[in-house]
Each structure stands twice: as C-alpha cells, then as structure tokens.
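Next come two complexes, and both contain chain A; in the first it sits with chain B, in the second with chain C.
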Partner chain A sequence: MRQIVLITAVWCPSCLIMRPRYQDYVKRHPGWQFTEIDFDESPNIVKQYGVGKTLPAAIVVSEGKELARVVGEQSVKELEKNLDGYE
Partner chain B sequence: MIYLDYAATTPVSPLVLKTFGRATKKYIANPNSGHGLGLLAADAIEKSLRKIRRLLQLSSAYELVPTSGATEANNLAWQGWLSSPEHQSGQIITTAFEHSSITANANHYARRGYRVDILKTDAHGHVDLNHLAQLLGPETLLVSVCSVNSEIGNRQPIDQIKKMVRNYPKAVFHCDVTQTIGKEPIELEGIDLISLTAHKIYGIKGVGLLIKKKKVTLQALIRGGHSTTSYRRGTPTTELVLSMEKAVALAMDHLENNNAYVNEINRYARRKLTEIGHIVFNSEERDLPYVLNFSVLGHSSRAIVDYFSQRGIYISNHTACESDSDLSTAVLALTHDEARASSSIRISFAALTTKDEIDAVARALKEYVE
Partner chain C sequence: MNKGKAYITTLSLMTALGLFFSIKPVATVSAAEEAFPVNVYFFSAPGCGHCAAEKSYLDEQTALRDNLTVVEYGIDEPDHLTMLGDIAAIFSEETVATPFTVIGGKHYVGFNAAVELSLTRAIERYSANAHVDIMAKYLADEPILATDFDTTSDFEYDLPLIGIVDVRDVSLGIVAVILGFIDGINPCAMWVLLFLISLVLGSKDKKRIWLIGGLFLLTSGVFYFLIMMAWLKTIELLIAQTVFQIIIGALALLAGAYNIYSFVKARVKKEDGCEVTNVTQKQNIAAKVRQIANAGSLPVALIGVMGLAVIVNAVELACSTGLPLVFTQILAVNGIVGAASIFYVLLYILFFMLDDLLIFGIAVFTLKVSPLASKLGRYAHLIGGILMLAIGILMIFFPEILLFSFL
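This part shows the complex of A and B:
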C-alpha cells in the first residue's frame, strides 16, 4: 500500500492544478491512497514532514516511511515518471 | 517618502474624505429605520448606487450590493452562487492569476468535490480561449476570471469570455475588475457578476461592490433583518457608499489623462531599470501600465523590499493578500521559474508618481545590486 500525503493551501494556485493530477493517478493505480492536508490548518504535521514554502508538496509514504517527495507543479508525464518507480 | 504600491491601495482623495465627512453629519439615521431620517439615508444610498451604475455605464439590468471590499464581493459571488441548492455539484473554471480570495474559494470548492479547471495561459499570461471552449459544457456553473492581474498587469480577454459563457445557460461569468476600474475603459455590460473596491481609486478602505445582474440569484452570506439589500443584511454605511460614488466619479473624470501620464511614467521606469543589470521584466509593455513587475535575479525580493522600506521607498514583492511566502504566485504561474518568482518586485504607479521618484528607485536599486 502506497499513500500520497498532499500538502496544499487554499491560497495556492499550483495546488488547484496539481490536486486533480494526484487524484487521477491514485484512481488509476490500485493500492494507492490519497490524503490531503492543509498547510495552514495542520502546522504540526507540516513541521513533522519538514515542508517548505513551495506547495503543493506530495509525500509518498509506505508503512510509515517516506519513500519520495514531489514539490510544486509537474506535468502529468513528469508526475507519472516520478511516482511509477514507487509502485 | 516615496510610495509606489498603488495597486495595493491608494491614499484617500481629500474630496472623497470631504464627501464622507459631510454624509456622516447629514445622514445620522440607520437606513433600515422606517422613520423619515432613516428613509432619507436609504434614499441617499439608492441614488448613490444608481449614479455609480451609470458612471460604470451599466444598464438597469444590474443591481449593486455594497460590501466591505473586493474580497467580500468575490466571496459573495462564489459562495452566494454555489450555495444555491441546484449548484451543489458541477464545474468551475478559473485561472492561476486570480486574487487570493478567488484561489481560496477555488481550493475550498475543489476539496468539496466540485470539478475546478484552471485555464491554460500563454507565455504572456493570457488565457487560452480554445481551452475555455473545450472546457465549457452543460455542467459549468461558474467562470471566474479577473480583468487584470494585480501583480503583473496582464489583461484577460473579458469581452470574448463573456460572449462564450453566454452560450451556457447554467453558467455565470464573474469578473474581478478591481485593478481596471478608473485606470482604463472596460465594457462591463454583459458580465453576470462584477467585483470592485473603492480603496484602489482613492476611496476609503472598507467599502466595495458586488454588481450583479438582477436575474442572477445569490444566497446571502450575511443574514439578518430587513435591509436595503437582501444580499447583505446589517446596517448599511451611508457615508461609505456616498464616498465611493465620489471616488468612482473622480476616477472616471480623470481616466484618460491619468492613463496617458502613467503610460509615460511606465516607459520611463522601464528605461531607467534597464540600465541596471540583473533585471528581467515580468510585465510586458502591452500590460496595464499602472503595474511594473520585474525580477532582480540573484536577490531575494523580501530583502529588497526591506532595504527600500528602510530608505522610505515603499514597493512590494507580491500582493498584500497572500501568505508570508516570498514567492510571487503570479510570477511563478507566468514564468514557472522559482528564481524569478522569489526575486520579483512590483512597483505600481499613479498619476501622483513623478519621474524624480522613479530616479530615486533606480538609484536605490543600483546601490543594492552593486
């Protein structure tokens, strides 16, 4: 089981672009889950993951361990390439 | 003191302040009261809003809802429209160049399951109308595109967008015209929902408008007893509305002359800044002349703003309505370049701006980069 923890903020235009791309990826890949966390409303989780100011930040997690991190805007192709290696 | 942050807010015109003072003394009653003085105040508000509508060259198909500013107007447009029982799901179309109050609503509704599509833009930040044509459909509820981005000054093809949205009966077109009103002519007739604020045109902070077609029904965000409008209950501030009318009238009176002068100031600033190394313009010559955005490559925009501020020069690195991040979301959306977005500076002009002030900015920036 892989989980994408997507950290977004309401003021972030890139989050609007990237959210459906991650959601679509998870839909097409059984065994993946999607969780969204608000940057401003969950400062402790944001701190725990060490997320900087560039959003969205997607953290690929498996059994509590971080496998990978994708930050900012990526094309659908780039995103697939980055995530496919962690299946 | 050199103030070059007019896109964030403008100083209040003495004439506007005079109108505010006079109205405060004259209209002492609550406009919602049924007695003679209350009716006098309510009548003054109604007449004032009618005058604003005429000044903006809008027909009687429109009604004006006074708000606390453009942020509230944007929220009322989105939430008022999408709260309706028949709009509980569907598609919203917007851009990456909107005010943070629009982006925040777009993220809110995306999290609630609405389909939110972001229009593609070209290298100049102009929306791709072919993409809009592809996206528009029977499920489209709302298209929200601002007339001009406040950080860069890139304009959007509002006339074409309103014509395209008209073909989809379930959809309304919302446009935040805050950065255009009083700066250049804009044809507002035909837009379903229009947001603006007074404090960008030498009016008082705390008053703005949502202008809506009467046939567009919204749910009120502020509920309460009987008031001058059903879309925002509570006691209307007569003096703020009347002062806004004065601000709009003055802005319209001086629009052409001011625009020509600011064009000249913009060209002058470009020439002076070009002489300094490390600078890349994010605003193009074709953009709104009142805003000039550029990146000082290799330098933090926050540090530059602080350096200038200590010298009595007030500029900004992104709009006053975003996070504490030093990244300009608009420059990032335009350039996809974090280095440019974190080193971008916005100076915004007014008819009050002088060439001496531009010289001082250029000198300070040269000192800073050297």
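This part shows the complex of A and C:
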C-alpha cells in the first residue's frame, strides 16, 4: 500500500490546484491512499516530515518509510510520471 | 527546468540586456575633435516661471560647453516681441508663447522635461554636425529655404533587430495595458481571492458568491486606484528632480533582477509552488477570510470583505513588482495630469484586474477554482522581471524613450 501524505496550506494557491490532482491519481490507482495535512494546524507533523520552504509537499510513504517527495506544482502528466515509478 | 536550461535562460536575458545597451539615437552624435558653434535663441517674458527654469538649464549647458552661445530676448521689449511673431510665423507655429526657443533648424515652445531632453539632444547633434541656423539667417535678412528646417525627430531610436522606431508612436495606452496586465498576474494577493472563492463556492449560492467575490474585486480595484493616484501626485511634485527618477529606476532594476532570480531559482529547483514566508500574516488573513465566508449575515460578510480587500492589498503592495510605481513615474515624465491621468490609471487598473475577473467569472460559472491563476502567476516573475529591468535601464540611461504619445 502506497500513501501520499500531502502537506498544504489554505493560503497556498498551488495547494488548491494540486489537491484534486493527487486525489484523482489515488482514485485511479488502487493500492494508493491519500492523506492531507494542514501546514498551519499540524506543525509537529510538518516538522516530522521536514517540509522545506515550498508547498505543497507530497511525501510518498510505504510501510512507514519515505520513498519519494514531490514538491510544488506539477502538471497532471508530470505527476503521473513522478508517481508511477513507485507503484 | 534543469541547470542547463536555467543557464540558457540567463544567457538569453543577458544578451537581451546587451542589445538594450546597443540602442542609440538615430541622429547619433559622432565624436568630433572640435565642436561646431551652436547658438540657442531664447525668448522670455518677465515673471515667466518656465522661462526661469529654461534659463537655469541653459546656464548649466553653457557652463559645460564652450561652443554654446545663448542669446536671450525679453519680449517686454517691443522689437523682441515683433521678432518672436516673425519667428513663429517662419516655423508656422500657431502658439506664440514664452519660453520660445530656436536652435539650428528647430524650435520649441514651452519648457518641461520633454523639451529639456529634446534641447539637449539638439545641442549635442549640432555640436557634432554642420547645420543651418535659421535665426541667424533671419537676423541677416537672408531667405529661409524649406530645406533649412530640421525635420529630424528627437525621438527616433535605432533599436537592435527592429530598426528605426519613433517612440512617440508608442501609445501610452498600450503601456498601461501591458504593465497593468503583467502587474495583475503577479500572484501576491491572488491567493486570498482564490481562498475566498473556494470557501464561498461551498455554499453553492451564486448570489452570495457574486456579491462577496465581486465586492472584494471592486474594493481591491478602488484601493489600488487611490494608491496610484496618490503616488502620481507625489511624483508630480518631485518630477523636476532627476535624482528621484534615478532612484525609481534603480529600484526597478533591483525588483526586476530579483524577480528573474526567483523565476530561475524555481525552475532549477523544480519547486514551483508557494513559498513558506510571512506565514503568521497569511494565517491571520486566512482566519479573517473564514470568518467572512461563514458569516450568517450577508451585509456583515460584505462589510468584512471590503475591509479584507483593503488589508490584503495594503499588505501585498510591497510584493507587487513595483510596476505601479514605475507606471506612475512614466505618466509624470510625460506630463500627464488631471483627467488624462485618471483615464490612464483606470486603464491600468482594468487590465490589472482582468485576470482576477476571469478567474472569478470561471469560478462562478463552473463552481470550481481554475488553475489558470497559478499558470499565469508562474510566468509573472519572469515577464515582470524583464519589464522592470528594461524600464529601470531606460529610466536611468534613456529617459527620453519613456516619452510616449497619447492614444
């Protein structure tokens, strides 16, 4: 089971754009889960994931281990390309 | 974008800047070993403020140039007044007013930043080239020929890759449209509009969405208009001071360089998103937006959204690339005042608001937030940065190019 942990903020337009793209990807790929963390409301979790200076940050996790990290805005194609490698 | 592409982008920009520095006036002054004598004939009147300003300018020029002679005619003397009438007729000039200046085959009525620049160019050109002195011919009672008139434009520039362009043909209105649009796609305050839309969309109440979003946009536009008019009034008071113009130009250069750097950095790092800066401020604003969107009473929500629009635009003003300040400086340099200045600022604001109106319109009709905002904002840094660099260079080194025609 692969999990996408997406860290977003309400004040981030790119997060607004990327949220439905990640949700859509997970819908089309069985075996993937989607979790969203609010940057402002969960500072401890955000710190735990070591989020840098750009949002959104999507962490691909499997069995508690981080496999990859996708930061910022991606086109649908770029997103597919980045995530398909971890199926 | 990888590092290679980032370097190519940077190199292209540096090439573009290099081309800018190769811009030269058409009537180029070639270095001459010995300057040709130049006479400036200057008609003035007692108590004429512009005459005093021009006299001050001509005194400076005389101190700098050994080849320059200034002859002043006060029209309080009847003979000089008659002379002025004759000279105006020779130049087919209907406006007979002071200061009235004749140099070589050219004449100028009045004195302002534009005339000062034109006079300087004329002095330089005549110093380096043989020329006809129409006033001297008039004084010597010699016939004045059609070919004696100097029809060289003071505003023609030889632009690289483009050729000769008379910058007076460039409409100030087009400048307002372009700068306003580029300023508008800057994502600084966009996030608030998007967040507001995304919250009110949840209500599915189109009337509420129209009112809240529309009022936010209207208040933003009015606030921006008031700020730009205030800046314009301030700059008008300082327009005579070249130092202030150079400061604005330097700020434009810095803002332009920073924006291009931001664009290239985002491309190289492939981190095209939201920078985690000023988080507390954004959280406070987001809390206010939630309050407004969730307010049960519509009038309360509307009042709240007006206040929000003012706060957000005030806070994000510094984030804007400085384009509104530069545009108001261009208006001031062109002597645009009164109703004309209101018109051009409104035109700027209209195109400034265009992308917001588009995104809002799409949201209302589709009940979704369009990714258009983000796409436009991505290139705002690059385009705005290039524009700011170009305008900064012009403002400091070629301010005469910023003198445009009206629509």
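Note that in this section the second predicted complex is superposed on the first by the 87 of 87 C-alpha atoms of A that agree within 3 Å, B and C clash if a C-alpha of one lies under 4 Å from a C-alpha of the other, contacts with A are read in each partner's own complex, and residues count from 1 in each chain.
Just so we're on the same page, a residue touches a chain if its C-beta (ideal position, glycine included) is under 8 Å from a C-beta of that chain, and two chains touch if they have at least 3 such contacts.
Everything numeric in this text was worked out from a predicted model, so none of it was measured.
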| item | value |
| --- | --- |
| Partner chain in contact with A:Leu79 - chain B first, chain C second, else both or neither | neither |
| Which superposed partner A:Glu36 touches (first chain B, second chain C, both, neither) | first |
| Chain B versus chain C as contact partner of A:Pro56, first or second or both or neither | second |
| Which of chain B and chain C A:Ser14 touches, first, second, both or neither | both |
| Footprint overlap on chain A, comparing chain B with chain C | 9-17, 40, 53-54, 72-73 |
| Chain C residues touching chain A - in the complex, by the definition given at the top | 187, 190-192, 194-195, 198, 266, 269-277, 279, 282-283, 285-286, 289, 369, 371, 373-374, 377-378 |
| Contact footprint of chain B on chain A as seen in their complex | 8-17, 19-20, 36, 40, 53-54, 72-73 |
| Contact footprint of chain C on chain A as seen in their complex | 9-17, 39-40, 51-56, 71-73 |
| Residues on chain B engaged by chain A in the complex (per definition of touch) | 94, 96-98, 100, 103-104, 106-108, 110-111, 115-116, 118, 322-323, 325-327, 329, 332-333, 336, 338 |
